[in-house]
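Have a look at the structure that comes next, please.
Note that the chains take the letters A, B, C and D in the order they are written out, and that residue 1 is the start of every chain.
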Amino acid sequence: MADDTGHREGRESGAKAGHDNERDTMIRTKLKDGTLKLYELEKELTPIDAIRVRRGFIEQETGTALDNIGIFSIDIERVVKRNCENMIGTVQVPVGVAGPIRINGGHALGEYWLPLATTEGALVASVNRGCSAISKAGGADVRILHDGMTRAPVFATDSIIHAVQVCDWVTAHRDELKTAAESTTSHGKLTGIVTFVAGTSVYVRLEFDTKDAMGMNMVTIASAKVADLISQATKARLIALSGNMCTDKKPAAINGIMGRGRSVVAGVALSHDLITKVFKTDAKSLVEVNYRKNLVGSARAGAMGFNAHAANVVAAMFIACGQDAAHAIDGSTCITTIDPTETGVYVAVTLPSLPVGTVGGGTGVETQQECLKLLGVAGSGSPPGTNAKKLGEIIGAAVLAGELSLLGALAAQHLARAHQQLGRG
Amino acid sequence: MADDTGHREGRESGAKAGHDNERDTMIRTKLKDGTLKLYELEKELTPIDAIRVRRGFIEQETGTALDNIGIFSIDIERVVKRNCENMIGTVQVPVGVAGPIRINGGHALGEYWLPLATTEGALVASVNRGCSAISKAGGADVRILHDGMTRAPVFATDSIIHAVQVCDWVTAHRDELKTAAESTTSHGKLTGIVTFVAGTSVYVRLEFDTKDAMGMNMVTIASAKVADLISQATKARLIALSGNMCTDKKPAAINGIMGRGRSVVAGVALSHDLITKVFKTDAKSLVEVNYRKNLVGSARAGAMGFNAHAANVVAAMFIACGQDAAHAIDGSTCITTIDPTETGVYVAVTLPSLPVGTVGGGTGVETQQECLKLLGVAGSGSPPGTNAKKLGEIIGAAVLAGELSLLGALAAQHLARAHQQLGRG
Amino acid sequence: MADDTGHREGRESGAKAGHDNERDTMIRTKLKDGTLKLYELEKELTPIDAIRVRRGFIEQETGTALDNIGIFSIDIERVVKRNCENMIGTVQVPVGVAGPIRINGGHALGEYWLPLATTEGALVASVNRGCSAISKAGGADVRILHDGMTRAPVFATDSIIHAVQVCDWVTAHRDELKTAAESTTSHGKLTGIVTFVAGTSVYVRLEFDTKDAMGMNMVTIASAKVADLISQATKARLIALSGNMCTDKKPAAINGIMGRGRSVVAGVALSHDLITKVFKTDAKSLVEVNYRKNLVGSARAGAMGFNAHAANVVAAMFIACGQDAAHAIDGSTCITTIDPTETGVYVAVTLPSLPVGTVGGGTGVETQQECLKLLGVAGSGSPPGTNAKKLGEIIGAAVLAGELSLLGALAAQHLARAHQQLGRG
Amino acid sequence: MADDTGHREGRESGAKAGHDNERDTMIRTKLKDGTLKLYELEKELTPIDAIRVRRGFIEQETGTALDNIGIFSIDIERVVKRNCENMIGTVQVPVGVAGPIRINGGHALGEYWLPLATTEGALVASVNRGCSAISKAGGADVRILHDGMTRAPVFATDSIIHAVQVCDWVTAHRDELKTAAESTTSHGKLTGIVTFVAGTSVYVRLEFDTKDAMGMNMVTIASAKVADLISQATKARLIALSGNMCTDKKPAAINGIMGRGRSVVAGVALSHDLITKVFKTDAKSLVEVNYRKNLVGSARAGAMGFNAHAANVVAAMFIACGQDAAHAIDGSTCITTIDPTETGVYVAVTLPSLPVGTVGGGTGVETQQECLKLLGVAGSGSPPGTNAKKLGEIIGAAVLAGELSLLGALAAQHLARAHQQLGRG
């Protein structure tokens, strides 16, 4: 089933080797003497050749063979335009599957096989065990609590009086700003404007419904339009389109409190019997591990995440599914709770801020697209937004599976043994 | 240069298709009726066949073609043992290069081409511009401030009196615990033991010099040994080998204050002239953007990171170089500073906690290994530890380049335009 | 002018000493043998006698003379009912004045003398110097950004599905809940309801306009009513009337982001000339101290406050003015900013969460009441709420004065000398 | 027992009224026309007269009678020199007692009556109930975990290379710096030096054993000496004697992790029977309240404190005992834990950072001194340091009592009723 034509670079370049070599030598000379920049190769060559020549140049410069990086099957034309400049090839990240996991979500309903791209031994096995427990328990409850992507431009004002005037102006012109913002995008809707003052700095946090896109791109463009209007009307100086109250790719309380991307909560009730059978431990131990580790331990460490390894699962799902890997940070702020119940425990994960999309970004790269298809969430949903919400719910359930499994393992004091056997790095 | 034999799966499976199909059908029936588990395939088949059959099963179950995921060149034998269970193939993550960047580190010295695995358009171009500015300025100063990987088992005691006794016992038996810990590893050295009390919970934070390994694996095994000794001697109950004061894969103040992995600081002096030429802005604007966005904006947002997009660069370098992607979180806690100077500005990034390694984990996967080779840091250094330190310094410099470039772009209010042109998602 | 009749306890008790002694002895015997509880004294005696007898009992029990604690002039009748149980007397906290400070607030307009209750040498002098600089600069700009006191009961639900249902119910019954809340109070208005989910826990953050009261009392009573309704309608179990998302008396990001009490911002422009004359330093040094200490230093320390000593001023004003001293914590989360300007600097303090009131609590105690009168904010304002807002603005300006002065002193490296001379503890 | 001579101001001023009035009028004229500053009064008059005249001036300026503020018995001579500039009198803060509480500390052993200075109705009653439960349970276990007061000067360097050199120099000259630091103080001992780098800023956190003093004063003076040496030797510019990594009067993770002042932990085991009798609730409810409110609620709020109202108790004890009220902030970072046990619960409070002293600061003011005497900790201990440690332990136990009581009340859903009855503001 592996598509031979996919392995295109090797062959295409092989086919016209003679002609290419001459041109390549000339280009390398130009690169060497600086008359041609490495990023200008796409202007002179087809993408596939540009990548090859660039890789060759780097091999020469560093004395390193990059054979494997040069083997790939993804469609380069789009990637070099949209996803990656100065491309020399790809890294191959192993994908394992965990599941099936039964999910009873607001959007995701049914059984899912989870693709996880990782090199951390034991992770897929761990999530797999969690999926098994969840499915046996009847499935994971999952809900989207909030949905909105944000940008917060920062403005400089002359005084705190001026700062307050800017806020007042923004509040008085919400409709106008909304219209302006939405004029820049065919899909996005401006759903919230909140202003913050810190001395003479004014932060205007704009929130959008970005449908199936993660949406940073559309939100940034729309925010630029809004920021210009504010700046013109109030004489506040626009300092940066992102003033860090967005907050993008930094752990931040504001995202926990106000939400960013898809806010997801997932939970499952496990019976005493299931806890014993799947995790070789008991309800009391699970509760105690969560209490002393995830709650008290994190509190004592000054941590902003109250979970075992939510970021592991989020990162692996994100890389598999073409999400922005740096957004795995948001996954790390997960709160994991384990309530003792009469029949066993109720375990839940709360992810207040999970930026995901099923269109745009890396979702179009073929391998990543296949992972999205595997989950039934590739491309735009019907109605728009449902695929991204579904993906958010699936990742929420996956995090629940990962938490359950690691906490179970810790409870059973099996962690070290698992590490020794599976070689987690 | 693309290695046709690398594209091995497609061809091998094609070669013995007839025979395989029969066996495959039988296996799929077993998978279907549950008499064979998906993760047991490697017991029945060679890794390459197990992956193929598993993928086929998933394709059938989900009605999704996974053609591209099935195309890869990496050595499967090791990967299925060490990096990924239930493997079905790989995702291909585009790799671009930025550079060269001149680095004046304590360990990394010279010019480097940075491999960045990303699907976020504009990121490589952005880092590239930063590299150019840094190199023109004479290179990035970089130093490792601290080096140590940690695990903090949590114990339950009967009372706060008992808790204090456990701490006292640990303090009195440091040498014994050190010997025990080091008996489990050929490379690791126990370099620190600190105890923390929270009510009846005792956290023993163990710090190790893990040489060129990121070291979580060896540290976990060594900690298990130490934890057993403590538990036996003090009657404290071991609750979890990781008590979240490690802190792994959660943003945590303790990592900022005590360090975890390699603590890296990088800086560069830019002249007024360079700021104007490369960034089309001026010193005052750069300082103001950093002040209102990275410092005041992050403070106002309750953020634990004071930077523009350090996590982007860390995540892209980590994925390219076979690091644990979930550790990109630590990169997100970077503090970026811009000091006005008489001649321009001094820009610096401080990454108190960067867990990196050049052996173990995903570093052995061929494509990732090639990225490490590109940087001259593959495998163990001489003396041991220098390669990992070098990698830490290179990533520190890369983050500096990324910060410089984005802050420069914001200062020049070019961000939105850049997004529109390059399609960042 | 000191009112001799104020010194009432000593004399009254002296007047009927013979008779009292006999009764006192009997009571002490009862206290000793446990047939009378210390807190039951007010049932047997007048407040003034109860205090005297209780103090005598404590003196006897501990062998300590409490002469000074027994000297006070405040009206005991109300205090023992509303402010303090088991009273034995008072501590006298020295009050100094700083000022006058010119304030150009939204509510406070004119010159104010600030009463500061403190035992920290140099504090009043420091604030005084700041007042002088501010007044010379034309006064402090001050504004109230937001106004609302909060309580957030926490409920337990059976599952995350149930949790979401509770949130939905609350959203659908806002008007009903508002009516119920406001039925419990003659002044308070319910101005906001926000729900938060963490696993199976639901937090309903209720915000009220409490007019001139700090309002915790009325808000708690109103929240109890709301909580009962929610509990009855949704079958969610009320766990605690305060679920820590209020957040009361703990530093919390939610208060910074959503505000609590009066959110205040104050600023002032200082000319180069003024900086030199008053602070013996220059604009550049002030900016650098704030940058390296208040911004970068706090970030590096994992601090939730970005200021020099805002809490000092807030605590001293709070104790003087009968506010809840534990609320000084909110003052500590202040963000202090210093912008370089063409003419010097613009210095500002942002206090997102300052719970203050001019009625209720300790505001009625005579000495504290006099401090409020001194500021022209005692009792209810016209319209209601304006006095509390005025007090919030005055404290904001006072914090600005304190920050200016200490940062100026640090800039001039005078801190140690000031300490040696003034004996700050 | 109330000392009539204590009421000195009123009478003394009355005695020589005629003569005074003339001089007073002259002085007021000078104050009015600015030829005499308000803070210069002590140069012209005795302290008692200066206070009277100043108060009179303020009364005139503000049209407010300050009768009660003028009534006090404390020794003014020392106060105006050491505790408060520009003094006009005192505020009287009601003091109630809670107890007795049995404490089984490392330093505090026996039964204690706790003085609480507060105007928050119900607080003393609440702590009292907690004391009763603790004493019935056999007493509170308390221990000092760590002891050390800190200052962290911040230095500016030219580059990150220079910054690292400064750190290296400090490390290499520890003994020299220790000698220099200790030359400035008769009591303090330098017990720790840790360096931190953030870009070009270097923070040198100096820790001292300050014996019975809270110690900020001595530490600041000693730090000035150390800072000068560092600055001279390394050419690093001293920016501020306090660089906010101390961290003083701001909630900060570094204080939680490294400790500041006295780090205290206190705990008590409560039987099922006691929980029922004293708190009218059960173990399970107590555990659940703590879990959903103090742990999950605080986590969800982005709080730095995981307790119910520790700051209330710390503030009330601090004001009563002449501590620095702004340091109550440190109390607010308390972590409260409730473990279910076979026999009931074990409740504990962990206060990683509690700056207390029994000499210096406000401890010498007579009313506050009496509160310290009541606790048997006034003045210097034998050996030095034991009194302050004892005070730390007592406050730890008091916080435990407060937490127990409020959590018990919440568990029993009695909070609102208590508020209605006792009028907490």
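The definition used in the following text is that contacts are C-beta pairs under 8 Å (C-beta built on N, C-alpha and C of every residue); 3 or more make two chains touch, one makes a residue touch a chain.
Since we're looking at a predicted model, the values are computed, not measured.
These two copies of the sequence, chain A and chain D, are related by a rotation of 180 degrees on CA atoms, to the nearest 5.
Across B-D and B-C, the chain pair carrying more C-beta contacts is B-D. Between the CA-based centres of chain B and chain C the separation comes to 45 Å, rounded to the whole angstrom. For chain C, residues that reach two or more other chains under the stated contact definition are 156, 196, 198-199, 201, 253-254, 256-257, 296, 298-302, 304, 306, 335, 337, 339, 350.
Taken together, the touching pairs cover every possible pairing of the chains. Within the complex formed with chain A, the chain C residues making contact are 141-143, 145, 156, 158-161, 163-164, 167, 196-201, 253-254, 256-258, 265-267, 269, 302, 335-337, 339, 346, 348-350. Contact residues of chain D toward chain A in the complex are 253, 256-257, 291, 295-296, 298-302, 304, 306, 335, 337, 350.
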